[in-house]
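Here come two complexes built around chain A, the first alongside chain B, the second alongside chain C.
Now for the complex of A and B:
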């Protein structure tokens, strides 16, 4: 069985080794590893502000999207758990955004945000008659929030699913004992239910952060990184470097820098998750 | 860090909650606490309201997509929300003028073929890791670590690999790439299922003289069929929805998948939103159908496996 595992490590490790080698060499799309350049690629990436700005933008984006998704996801999971009427059909419908292809999610929200005749524009026009057309995706801040909204819409169902599973999986005996001891309602929820699902919520937050750091399809379809660079998130910068400018060395360097940033942002979350688990 | 994922998800007990049809009687803790008085009634109403709101949030955008797909260009720019009368022209255009049916077929072939190969790669590895502690806990984390990064740069070595094999710009090549890229996720999901399988089963088979591979093929695989289907469905959906590799590795209609065709339609100089909406909906049908028919297994794989 060891050969199966070994071949797998080789297959999984190969792209990582490739990225590491490409980042320290002069590498184009057609001809990787032309010449060893040491840290020169990193220096030029860090010197031009665009890449670092996108990394910072990526951190803000990932934290925003993860916090909102987890808050909405936990609320929805708890509501589903408490609801008497919500059955399998409701749960399946709530999961649909998660399995919709990201390109379709992008198309969908692009249509919603279209300036003439889009859902947002039409509704705003009905509320404020005679107002000018409103183009969400051509305003820097609103475009950023628009992509974030599409992302939240797409992946909140995953949080709902994970947290709902944890809620159902609680030890019924403990809840029962607590309610016999007089704990009810919010107090029961805060002292018994919340601690029981805290580990899952933290893990879900971690997964959500990583998914938000990797977002590419939504940016590609909805805004192409614009207006200006308002929605140029890290994965889009890497794509531009590798497949538009054919500079694989630069793309690899940004990928490694993103790896560092993701690690720094997630370390505290991992620490919290570990502690919740050990309790 | 991935190690933390697995360990924390491991904290959650197994369950098949989503598989149950729910009703007031199936959730004992709540009905037990139901004697708490009128305060509970109020909260339950709040829960129902929140469920309705989240349903609206999930479905209104999809409903708007359906609505746009039934509107003529004039109706869209006039800002109507309900297509009256419905214009089916977009649907016939999407089905006849865009190469969409072929793309749906390509997507399904790549998704299912990739999923089957992924399972074939992942099951022996997951079994070895769960049973023989190959690589210890850290290997599971190491295997998953590429998942943490955007896969864009990995395109380059994969592309070279396909060129060496003479499979670039073919559906077979794309299928192979999908098989490789999702193996880590599949191992991660399968490992939990394997660990829950009693070791005695393997041991009994080994006492009867079965070798390691024999145990895996004739004993473990049949027992894990539900888990394999669950993980297979998840991986197939991931494959079906994948865009970046597909757009880079396929150039012609023989290999292009649904997301690629949609992105090409978006890239045209005059964007025909009605047809794009109709094409999106056609492309979504196979995943939604899979979700409805296989909901139990899909959800079981996401929760039970990785979470045990």
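Now for the complex of A and C:
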């Protein structure tokens, strides 16, 4: 029990207490906890349209990335499961994006999207000769989707891994019995396989949601939060406040607000997950 | 029915909360260290070490400084190189955490006020005032105050002058019918537009505009225009003046050239912009004067040797006198908790001296250092090897536009940059509306 309590205090308690204290005090990078300011920092953050927009943007981003990642991840895992004997090499290759350092992923996708000689621009140039240069990361909507695509590419293998493990853990007798009863193809998947792995899929969705809320590296490397504020997500705002503006109090306030938002968004997912496991 | 075991059970709500908190938890520690100083009277520091924090652009200079200082004093310099936008936080965290691994640093001069307020750097007033050998009157006057002082106290010594000038590619201008570089921002826009319209199909553009969302990048591009239009960041009493007609015209000039610049300004950082310049793909680039040294060095990858020229920044509006813009600029500071204050003082006195600055100006491979002193600006070797750059640098002698440097100046610079990024992305309304918002925020931060 003692090690568990100690790890909880060290890993969870100390950072949360530090953040809470910083959020309610005037705290700079070099001098935290200078003076109690009550809720003034929260009021300032909530009155800042860019800060609140980043929280909302973070919700949209996380849901989008989580949904796409899980859809692709489940589809890929099922495909691998069906070709399980020939899939060892493919399974290993699929894990590569996940084990690639996030900064490298960001650089890679930035090169793909770069308007001067990037993959997207080159392909479009070949398809539409004489067309204007196309810059994904300079358009607010495309830049948002571009970062999301890189994120999906990086973390979908995690979903594949989790769902694939659930698939091979199924009771083969049930599947065989369903087949003997005439269930095949999509019907077998929908009626037998999907219910069996639904709890894992929901759990994977929750994990992916939290990972998406945390994204920083890709934004830092690919767009610096731009163009404009289009890709300024909460983690980037926190980094900017703490390490660029030396305003740890503001960073802590945004962090706590983000924690509330993440909790509100994930609670329904947790409820669904629990229900699926109880069924 | 068989189901897969899940980590989410009855206490799932609690898990969700912890997940949310853990997803965003920042781990910062709080403790502090003490200060002390060593002593050495004869200038021999053999066997001692000094850890010096520098930005990546100064890596070349750090190698030269390390070698020469060791030869002079016997002390070993350990350079720590970080990205340009991390040097301030690295120093502050090093001191605040009690790690105290840094003895000397060369941060962006705009961060001096915040570093001083955070107790991360030493007040050098007494030492500087009592040390005639520093010859502070020889520092370029327009640099001295912003690069060294906050609220009347001295916290740094100028290291890298870093003023922007306008470089142009003579061949590209000639191909497009221009026999002289622009004198005004309107002419600059016209020439940029013409070049892009004529040659963009071949990958050549009128200008590289540093527009990535960073104060040292996009903020610099705006500051160049603000200087040209005769505006100021703050007035003589330190009150923000960022929404004046001159400032609005400067922001609008940036918007106007956005569509004709190397694709795309929002993605153009130092690496992308400089690469295009060295490859001969852009007609204009606003850059530090040391770009000329690298442009003449084929070993640095330059394909524009003897093809370029340099001139003062254009002017605009009612202003007809070109003025330097102190967009970057770095100062030597001594870490608050260093145990080696005497050696640190010895180092920054030497490293900010006229002799060292003059050597760094013309050293190959290029060091990225610009003049910080009147005497080094007029150095004979510098004038002989780079007469055009020397002339362009003289713009700093007639007054220069400097960023605010007091407490919260770093945040103020970021606020301006964020708003300018929104303006360029079409999210910020008009230039006037954008700068009105900045003015309101600056009045809170700096007023």
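Definition applied: the second predicted complex is superposed on the first by the 267 of 279 C-alpha atoms of A that agree within 3 Å, B and C clash if a C-alpha of one lies under 4 Å from a C-alpha of the other, contacts with A are read in each partner's own complex, and residues count from 1 in each chain.
The criterion applied here is as follows: a residue touches a chain if its C-beta (ideal position, glycine included) is under 8 Å from a C-beta of that chain, and two chains touch if they have at least 3 such contacts.
On a predicted model such as this, the values are computed, not experimentally measured, just so you know.
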Once the shared chain is lined up, is A:159 touching chain B (first), chain C (second), both, or neither of them?
neither
Under the stated touch criterion, which partner chain does A:74 make contact with: chain B (first), chain C (second), both, or neither?
neither
Looking at the overlay, does A:59 come into contact with chain B only (first), chain C only (second), both, or neither?
neither
Would you sort A:218 into first (chain B), second (chain C), both or neither based on which partner it touches?
neither
By the touch definition at the top of the document, which applies to A:252: first (chain B), second (chain C), both, or neither?
both
Residue contacts on chain A - larger count, chain B or chain C:
B
Kindly classify A:273 by the partners it touches after superposition: chain B alone (first), chain C alone (second), both, or neither?
both
Applying the document's definition of touch, where does A:120 land relative to chain B and chain C: first, second, both, or neither?
neither
Regarding the shared-chain residue A:50, is it in contact with chain B (first), chain C (second), both, or neither?
second
So, A:242: does it touch chain B (first), chain C (second), both, or neither?
both
Overlap of the chain B and chain C interfaces on chain A comprises residues 11-12, 15-16, 18-19, 22, 29, 32, 114, 116, 165-166, 169-171, 199-200, 202-203, 206, 210, 213-214, 234-235, 238, 242-243, 248, 251-252, 255, 258-259, 262-263, 266-267, 270, 273-274, 276-277
Footprint of chain A on chain C - complex, ascending
1-4, 6-10, 12-13, 15-28, 30, 85-86, 88-89, 92-93, 95-96, 114-115, 117-120, 200-201, 203, 212-214, 262-267, 276, 410-411, 414, 418, 421-428
Enumerate the contact residues on chain A facing chain B in the complex.
1-2, 4-5, 8-9, 11-12, 14-16, 18-19, 22, 29, 32, 72, 75-76, 78-88, 90-97, 99-104, 107-109, 111-112, 114, 116-117, 119, 121-122, 125, 153, 157-158, 160-162, 164-166, 168-172, 175-176, 179, 184-185, 188, 199-200, 202-203, 206-207, 210, 213-214, 216-217, 220-221, 234-235, 238-239, 242-243, 248, 251-252, 255, 258-259, 262-263, 266-267, 270, 273-274, 276-277
In the complex of these two chains, what residues of chain B are touching chain A?
1, 4-5, 7-9, 11-15, 17-24, 27-30, 32-33, 36-37, 39-40, 43-44, 46-48, 50-51, 54-55, 57-59, 61-62, 64-65, 68, 76-81, 121, 124-125, 127-129, 131-132, 134-135, 139, 142-143, 145-158, 180, 183-184, 187, 212, 237, 240-241, 243-244, 248, 258-259, 262-263, 266, 273, 276-277, 280, 283-284, 287-288, 291-292, 295, 299, 302-303, 307
Looking at the complex, which residues from chain A come into contact with chain C?
11-12, 15-16, 18-19, 22, 28-33, 50, 114-116, 130, 133, 135, 137-138, 140, 165-166, 169-171, 174, 195-200, 202-203, 206, 210-211, 213-214, 223-230, 234-235, 238, 240, 242-248, 251-252, 255, 258-263, 266-267, 269-271, 273-274, 276-277, 279
